[in-house]
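Below are two complexes that have subunit A in common, paired first with subunit B and then with subunit C.
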Partner chain A sequence: MSAPLLDVEDLRVAFRSEGRSLAAVDGVSFRLARGETLGIVGESGSGKSLTALAILGLLPVGGVDTGGRISLDGRRLDGLAEAEMQRLRGNVMSMIFQEPATALNPVFTVGEQIAEVYRQHRGVSRREAMARALEMLKLVGIPSPERRLRDYPHQMSGGMRQRVMISIALACEPKLLIADEPTTALDVTIQAQVLDLLRELKARLGLSVILITHSLGVVAEFVDRVAVMYAGRIVEEAPTAELFSRPLHPYTKALLASIPPIDEEIATLQSIPGTVPPLSDMPVGCRFHPRCPAATNACRLNPPLLLPVQPDHRVACFLVSPAGAS
Partner chain B sequence: MRRQKLFVVGATVLLAILLVVVVLPLIMDLQPNRSQMRLRFRPPGLTHLFGTDNFGRDLLARVIVGAQISLVVGFCTVFVTGVLGTAIGLLAGYVRWADNVIMRVMDAMMAFPAVLLAIAIAAALGPSLTNVMIALAVTYTPRTARIMRASVLVVRELDYVEAARASGASHLRLVFCHILPNCLSPLLVQLTFIFAYAILAEAALNFLGIGPPPPTPTWGAIIADGRSLVREAPWICLFPGLAISVTVLGLNLIGDGLRDALDPRMRVET
Partner chain C sequence: MSTPLVEVSDLRKSFAVRKSLGFGWLGGPAAQVKAVDGVSFDIDNAETLGLVGESGCGKTTVGRLLLRLIEPGSGSIRIGGESLSALDSSALRRFRRTAQIVFQDPFGSLDPRMTIGRSIEEPMKIHALFDRAGRRARAAELLEMVGLSPSYAGRYPHEFSGGQRQRIGIARALSSAPQFVVCDEVVSALDVSVQAQIVNLLKDLQHKLGVSYLFIAHDLSVVRQIAARVVVMYLGKLVEIGPTAALYRSPRHPYTKALLAAVPRAMPGYVRRAPPLVGDIPSPIDPPSGCRFRTRCPIATPLCAEREPPLRELADRQLVACHHAA
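Our next item is the complex of A and B:
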């Protein structure tokens, strides 16, 4: 296996609050191979968006402690100067956001906004940048792109705005695209279109993608490998098919069980008892143990490590014996 | 709908004033300081539309020249306040550590009543029109800065600013291309009101004799001159007073109309 495009090791993001340090992302490690799509799944507040922001270096400066190592293409990103990060953002790695309605600046035309990124990183003329913007609108399948170039964001539908966001993110042909809930704000048919578009562009441009979502449906359809996050930690990581057919962590199992089956009637929807613990009150040991049906004493004492049960399937649970142990 | 009509009324009034101030001096031979002692205390009539004062000076000419001065002072104040307030507000709103320092200084300045502060500054600098403008600009800059800072604090957290940052925009670019344009509408409304306040305050300063020395025909100075004669020749105070009221009313109507048009929360009603 060649060197991974992105290597995140022991990432920590902690907020300082009233003299305490509250870890919202706590020791997250994962790798992303070239051309691979990794899904990061988790509930709201599980730290998935913070992980993405940390990779791009977009965390607020005050009140936040970060630790760990992030390497992109063999180059360390953590500790890089802000000016260097600016050069990488939107150029080598970009991000698309959940709300296309608010992620576009209302006072500029979409053409100008796509062109802005391209000019910034490539230093080309305004005319060349606009030509690139047109090309991008064609690429993401916006009808009559010449006319749409001069439209303002409010003149477009949600699906179209998300396509514009994708154009902005991909204008400089980045290697890494982080999509933070790119389809959550869209209705279902448009979701499918946007996912199809992302899949097509990924293949055409050789992108590596991190897809952040809480929708297992999107994950099943779109990603190669899944990392499940709970309360700031990765609890399980496996290839998509493996995860769906053989979930090992109790949280993953519960998540999958909460999807209603399509072909049978059920009396009640399955849910996970309890709620995600607040940052200020994280349980000691395994963070899932208060909600875990199978928790033992060991779970209450020490956090389990993320250990492989198979070469590509890692689980952080005391109840699952790691590879070679049994 | 009613609001829009009021805006149109305000705009019409202001346009009419501008027209009078710009066009009348071109077609009429205005001599605001020519005194004809034979013609003292003439009430308003055909030869002197606004009458004459105690030195036999034509009040129409004086009020029109006074309008020129007021509008120039108002405009300069708005311009300087706008530029300074925007710069300070952007800095305070965007640079977190600077916020506290800058805004506490602004708060301290706002603790003084506006006119009192302007009197103090104008008195310290000496009687001239430029100093009146400086005083007014200094007085109203904190208000503008405050409004600007509030808008910046809101806009800087919006998704498109984050998105622009995620695509590699520099701080300067974020501030001037993404934040500033989206903060302009409250600023515009505020500046319209500051225009009105500045004209009022300028009149007050001149009334108190802090403005340029006589015989400069500022509105405030004309009223001050006519004050002791108000029983014998009420028109001396009446016309500059009316001019102030109408101008300020027009500006306030425009400000209200702009606020309603630019504020999305108000738009629901129409």
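Our next item is the complex of A and C:
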């Protein structure tokens, strides 16, 4: 097996509050192979977006403690100086966000914004950079790209703006693209277009992608492997088909069961009782135990480790026997 | 057959906007956006009518018009046999007792300085229902009814999670014992496991109280779970209406087909039944002639540009506005 493109080991992101350190991401480890698409799925407060921001070195500076190791292409990212990170961001790794309207600068044309990132990293002339911007707008399927180059973000629809964001993110041909809820703010027919575009570009450019989403539908359609996060920890990780057909963690099971099906009416939808615990009041032991129908005493004492039940299926639950155990 | 609770006939509403010249602050000549353009439907007693469509289709405007939160351009709305346009201010106040709304963002719609008990009592106070003790008792009863402890009455909105706040919003809407409630994207901001709780609650309350809902949403899977019939809108027009199961099983309008096909399924390996629609939703300021969907329609012909398609009944109670649908 070749070395993974991205290797995240025991990542921790904690906020300092009133003398306490509250871990919003608590010991997250995963790998991303070259050309692979990993979905990180979870509800609000699961720590999925913070995980992405930590990888990109975009966490706020004050009041945040981070720990763990992050390696991209064999190179350690944690502890790199901000200037070094700036050289990598938008170049070797890029990110697209949920809301392209706020991620784009309203006072520059979209052409200028795509050209800017290319010039920064490649040191090419303004004209060359603008030519690259045009090429990118064509690549992401924006109609009449020559004209659109001179548009300001507000003149474009949400779907078009997200295509522009993708152009900016991919202009320097990064190896890693992190997409944080890239289609959540879009209408469903536009979402389908953007997902198709991302899929096509991924194949064409040999990208490795981390897709962060709350939508299990988007995950099922788009990713090779899924990591399910709950309250700052990965609770289960498996190839997509395996996770949907054989979920093992009680949280994954409950989450899948709560999806309203589109082809039938369920008299009473399954829901998960209670709510995600607030950061200031995380339960000891397994963080899901207060909402778990199967919780035992062991669950209240220590956090379960993420252990393999099969070589590529890992679960953090005391009630699931790991591989090799009988 | 009894008279429907809500009767909407040929409802129209235009808004004046300034056409952008490409510089946001320099307004061009005023233009009219036909936000709702000739929409008709009924809602029965204790029925839920789903209203779906993408951005700019006019679904939120329809909801506001039905409560006379905004004045219609033309057309008629009758609720409980009474014509809304005929109501003078005191009659309108009486009407508001019987028709209520729950919004997407329960935090934005609750006064942060008011205890939730007072927020729930407010509509009863306005409509002079019960004495003080009676109102307090009813607020406690309502909290219980939406699955919250009556002991929460003295707490403030910020102390609650999103799902709990939505329950509070529902309790407040129900406090004046309305017959009709507009639910405008009430679960869109919630996590999937919490969404299920709210959908179950709304269905449960309908059984108990016989209230009718107009359930406005962009999530077709959620609408499938709660609506008996569904209206599909596109750019201010009603394009299809029908019983939910039939409409989802055999959508007739090409837009309804595309909309349903675009919903990502939580089924790895699922192959979409139709390729995504090409292009963006046209600007409602300058909608296409004839059928407004024709610019994105896979089966459009010259006829569609010339003539607006009338609504035709193609199956039992399933009406479609398309020249070519069969």
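The working rule: the second predicted complex is superposed on the first by the 323 of 326 C-alpha atoms of A that agree within 3 Å, B and C clash if a C-alpha of one lies under 4 Å from a C-alpha of the other, contacts with A are read in each partner's own complex, and residues count from 1 in each chain.
The definition used in the following text is that contacts are C-beta pairs under 8 Å (C-beta built on N, C-alpha and C of every residue); 3 or more make two chains touch, one makes a residue touch a chain.
Note that the structure is predicted; figures quoted are calculated from it, not measured.
Of the two partner chains, neither subunit B nor subunit C is touched by A:129.
Legend: residue contacts after superposition of the two complexes on their common chain; A:216 is shown touching subunit C, with no touch to subunit B. Once the two complexes are overlaid on the shared chain, A:155 sits against subunit C while remaining clear of subunit B.
Ranking subunit B and subunit C by residues of subunit A touched puts C first. Of the two partner chains placed around the shared chain by superposition, subunit B is the only one that A:87 touches, whereas subunit C remains out of contact. By the touch criterion defined above, A:41 reaches neither subunit B nor subunit C.
Legend: residue contacts after superposition of the two complexes on their common chain; A:164 is shown touching neither subunit B nor subunit C. On subunit A, the surface touched by subunit B in one complex and the surface touched by subunit C in the other have no residue in common.
Residues of subunit A touching subunit C in their complex: 43-44, 143, 152, 154-155, 157-160, 187-193, 195-196, 214-221, 240-241, 244-245, 254-256, 258-266, 268-272, 275-276.
Here subunit C touches subunit A in the complex through residues 20, 22, 24, 54-55, 161-164, 191-197, 199-200, 203, 218, 220-222, 224-225, 244-245, 248-249, 258-270, 272, 276-281, going by the rule given at the top.
Subunit B contributes residues 96, 158-160, 162-170, 173, 177-178, 181-182 to its touches with subunit A in the complex. For subunit A in complex with subunit B, the touching residues are 56, 58, 62, 86-91, 94-95, 97, 99, 102-108, 116-117, 120-121, 165, 168-169.
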